[in-house]
Amino acid sequence: MRSSQRQADQLRPVRITRDFTRHAEGSVLIEFGDTRVLCTASVEESVPPFLRGKGQGWLTAEYGMLPRSTHTRSAREAARGKQSGRTQEIQRLIGRSLRSVVDMTALGERQIIIDCDVLQADGGTRTASITGACVAVHDALNLLVANGTLAANPMRDMVAAVSVGVVDGVPVLDLDYPEDSACDTDMNVVMTGKGGFIEVQGTAEGHPFSRVELNALLELAERGIAQLVEMQKQTLGI
Amino acid sequence: MRSSQRQADQLRPVRITRDFTRHAEGSVLIEFGDTRVLCTASVEESVPPFLRGKGQGWLTAEYGMLPRSTHTRSAREAARGKQSGRTQEIQRLIGRSLRSVVDMTALGERQIIIDCDVLQADGGTRTASITGACVAVHDALNLLVANGTLAANPMRDMVAAVSVGVVDGVPVLDLDYPEDSACDTDMNVVMTGKGGFIEVQGTAEGHPFSRVELNALLELAERGIAQLVEMQKQTLGI
Amino acid sequence: MRSSQRQADQLRPVRITRDFTRHAEGSVLIEFGDTRVLCTASVEESVPPFLRGKGQGWLTAEYGMLPRSTHTRSAREAARGKQSGRTQEIQRLIGRSLRSVVDMTALGERQIIIDCDVLQADGGTRTASITGACVAVHDALNLLVANGTLAANPMRDMVAAVSVGVVDGVPVLDLDYPEDSACDTDMNVVMTGKGGFIEVQGTAEGHPFSRVELNALLELAERGIAQLVEMQKQTLGI
Amino acid sequence: MRSSQRQADQLRPVRITRDFTRHAEGSVLIEFGDTRVLCTASVEESVPPFLRGKGQGWLTAEYGMLPRSTHTRSAREAARGKQSGRTQEIQRLIGRSLRSVVDMTALGERQIIIDCDVLQADGGTRTASITGACVAVHDALNLLVANGTLAANPMRDMVAAVSVGVVDGVPVLDLDYPEDSACDTDMNVVMTGKGGFIEVQGTAEGHPFSRVELNALLELAERGIAQLVEMQKQTLGI
Amino acid sequence: MRSSQRQADQLRPVRITRDFTRHAEGSVLIEFGDTRVLCTASVEESVPPFLRGKGQGWLTAEYGMLPRSTHTRSAREAARGKQSGRTQEIQRLIGRSLRSVVDMTALGERQIIIDCDVLQADGGTRTASITGACVAVHDALNLLVANGTLAANPMRDMVAAVSVGVVDGVPVLDLDYPEDSACDTDMNVVMTGKGGFIEVQGTAEGHPFSRVELNALLELAERGIAQLVEMQKQTLGI
Amino acid sequence: MRSSQRQADQLRPVRITRDFTRHAEGSVLIEFGDTRVLCTASVEESVPPFLRGKGQGWLTAEYGMLPRSTHTRSAREAARGKQSGRTQEIQRLIGRSLRSVVDMTALGERQIIIDCDVLQADGGTRTASITGACVAVHDALNLLVANGTLAANPMRDMVAAVSVGVVDGVPVLDLDYPEDSACDTDMNVVMTGKGGFIEVQGTAEGHPFSRVELNALLELAERGIAQLVEMQKQTLGI
């Protein structure tokens, strides 16, 4: 039994609230336990310069943590004048993950911009971001279908993500902050609804990990993500 | 009757939710109609260099808008690498307003940092920020009393703020975004619970305004702020 | 009698020198006592992107203090790599004030850029800047009339500004630096030549101010600005 | 047979030149085929603020590409004024990888700074960087032993890295630039000399990858890294 | 006869006004014809970190051009967020030049900061800056003698500078802006009062220059600087 | 005899290696003794905005030092977010020097970008950069001739540079780092193959220098540069 009273293969309670804010084409508050991330998807009728005139769309993501989403206050990146390496790493990951399930040609010359802003952090903010952003992007694309801009939703599959790690020698699913701080190995896994891998990022924090541990972690992640995809679909009614 | 179906002297529905997030010493979600701002107050056991060893505390504020809190997406300030002039103006205003009601000597050598982050914008984000931050700071200071750090709460009075403006020739209270965009004169007023003025910032948008208009606006503001202070006290149970 | 041997409602000696430098279309040195600001107005035959093709002009302002215009040297903003919040607040105020009296459609698709650079500071640099910039802009616009670019000067009215404040309990006009540092309430007022208000920015420094004090300050400001406008007109020979 | 005339499980020719430059405590030019990276390790007798007085050392890494190390010239990051997200991601990876094999307590309160600068790029610059940096750090630490600062070299194991990927449906080892641009799945693997995993970072470029492909890639990586470690040891004579 | 009606070896009218502004320890407006630079010298009772505790002083310089000191408006460096290469080159030159004539040990652990701000530019701003800064620094140091901080003025000699160039094949002294724009070779020379060279910076603008031209230019510069030093001494009454 | 066992008028061993890296149109490693600089010349088929449509080309240069090219590690400019004044001064010098020998009209509307990156520093990095860049640019231009883009190589002459200085009272050629740190006067001289001067930059480090010393230094430089040009031509086979 984990400190959070969960089984090793048990997700935290997940809640997905659509239309959390008014202005964005897609707006989702996703909660993985105490981790809460506001994911919005905005549609812009232009693409970055390198894609102009190529007849295809683009999707990009930005990520931020509110200064007091964390246990002790973190400096505001806008005030420091630059985004940290961690922030850039995460927003690049979110963008790649979502691009993997959207048909850019079917999207046409327009851009989806995802914003993932962490209101409260308790571990797993990047995996919650990806999972929530998928729903927000789906909503934004549906709006383009509803208003006649697109004939069909160009999202080809769901995408969701979860963290797994070895804590006190035991592989566990969906780490909260205390587990994340204490774990030996930390892995973030991104998969599609059909069960293909999009990203696998494993890091040994303390001592190196073995193929056996890696396999155990991947199995946990596969099961967790399958549940997350189920929740996404249920939320979207598809 | 205004486009929002309000009387000229009527506030939008105001909602103040304490403990909106877990980690901050004070955390308040304030809503002025569709404007929603998350205000947190963080306590740090140090002061800026210019105050070290002077036996007094400090309070400062930062402000930000989530990129898609607005009708069309605004660029993320952390990504652009600097805060806009508007952002700096607002956070300086919030800091001055709150400093005016906290006894810095009674606070001791520690610092309160306010973060006001706009989740959804519909006009009046700076006045909602000040009004919400007052509650968050009160909570954070109460915590210092509760844990024995301070003998008494060093907040000497409430502080609240509201916008007023001349819309279609009529002075009205608490402008929403459509009114704010269309008004001739826009004024932000900050007052204490006892009815003293802390800040008066009036700007002619279209043509100049007169002393008569100024007086009408100040009276609206006085009445609106008195109601806001009442709500703050009710929320705090004081 | 004030420390500066002035009556409560007395301006400092004001001097306005036109054509202080050669290259700018308008170049004015304005002195409010020991405060000296060089205000230039430059004409550029283009407008910012958001106005292109809209058949109207624009006016914007920048402000700076020479590092040793102040009692102790201030860091050079160009070396620090960014403008302070105070600088941005002031240059935004100068721009808004001047835009309120220039007919942007009559100006045509061109831009006036005001530069206010403080050579010596002794309080009231922003109000001196606005008052001087008005003369510089008038000169620059006259040049456009003289060279046949415009049929008539698109400045519809004068604009001037002054600070007022409560010092030792007494409302006084046009604060110098020692008064500004010691005052309870500080207010900057911007008005047109016809007596309309453009900006009113009052801040309680020590304790809150009352409507009575506010009214007394506004009356002082009205009288001071009327004198400043008179001097502007005399200088311009209009 | 690959475009580079290599077998699927064949590394490019690897060359490790120690003492490539004079000033650094460790200086290694590593070549993976046409990819050439200069890795230096510098010793500084101080640690970052967060570690002061804790009796342990630190190791960090920076990475850069010379502007014309690439097929078409890339903008110089020093001139643009910031490091790209990719650069930060890579230098964080190099730092984590090397920290995993150095005993920070045995190092004492001093810091190793690794600089990996790409002189010529042809794919795999981050994996070459880690592999070369390991030799450079080993040399720098040996110098501390030689001059009596340390009793023994605090590097506990070798660390090396290689890329693997699925190109035209076939899992291959150590991708060069044309392969990297064309591959479906790209994975960077970092392992210790003893065969433990430090990092596994796999990304689907085109379509998702399966567990079977993942396993095939990991096996290729294990074999490749074992050879790289052998070369490191041979070069170091250990 | 030159376009400016001067002889080849004739300086422009030079005017040096001491105490141009009030706050700085030394404040000089220097004019070389239409070029006008405000040079202030500020004394700070601390030295940069690299000199702390070494029992000697330091002198550094900063340079800037007001945006409309030039024929067409230049962007404000504080707004662009960085100083240009040209600005940095010039302020480094001013600092080196002045350091060459001040005895840093006699100065003690304090710092002189020179600010040279160009109010109006017509060629030769850097040479005017050096020549004016010398007088401002002398004044600031005299103040330290007058208030008993120093026993004697630690400036060992005067330093002055002038530009020379080959215009239409003729070597001429003290180029104004039209000459500077048209010249083949441009040289800035810095010398001490005793006639020693501090800096010689010659640049071929069009075609290379010869030893013969170089010698002719150096002779012009020597004569010009001797006159400038005479004026400095006369101004200072020494 | 100098510390480096050289005669006063003796260059360090100079080595010029063409095609040091693969991707650049011109790529040269130049060594002046222990100073090693990688100089690349890149061709881009566009010119900066200020030259568009003018029928001529441009050439610009960037310079950098690898962090551990120096005795103690220097901070990475990309990480600090800006280039130092020294870096900018040097890259401007390299650009001016090379532009002086390339016929911009014959080049056509394209740009040569030089990158000089110091792999190892031992004094004279800027002079080595200029000397090496000349060969790299020549190679890049020859490539444009070879592929039919240009009818003839638009480089009109060689350009090379060397440092000279007064060390222990003796004028010497091509200072290494220990000499450079100890010298009284330091001068960098840039000349064309035909013997014309492009740049002369002399700086008194300790006490001022005289015309006699200046002449001695220029003579040493002339002889040194003649030898360098000879080596450039031999390397290029012209």
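Should a chain be cited, it is by its letter among A, B, C, D, E and F, assigned in written order, with residues numbered from 1 in that chain.
Keep in mind that, in the parts below, a contact is a pair of C-beta atoms (placed from the backbone, for glycine too) under 8 Å apart; a residue touches a chain by one contact, two chains touch by 3 or more.
Just so we're on the same page, UniProt names per chain: A, B, C, D, E, F = Ribonuclease PH.
Keep in mind the model is a prediction, meaning the values are calculated, not measured.
Between A-B and the choices D-F, E-F or A-D, the pair with more than half the same contact pairs by residue number is D-F. We define each chain's centre as the mean of its Cα atoms; on that basis subunit C and subunit F are separated by 50 Å. Subunit B and subunit C have Cα centroids lying 28 Å from one another.
Contact of a single residue of subunit D with at least two other chains is seen at positions 81-82. Ring order of the chains (start at subunit E, first neighbour subunit F): E, F, D, A, B, C. Across the complex, subunit B is touched by residues 82, 85-86, 88-89, 91-92, 96, 100, 187, 191-192, 194, 196-204, 207-211, 214, 218 of subunit C.
Across the interface of their complex, subunit C is touched by residues 21-24, 27, 34, 36, 38, 40, 42, 44, 62, 64, 66-73, 76-79, 81-83, 87, 113, 115, 117, 119-121 of subunit E.
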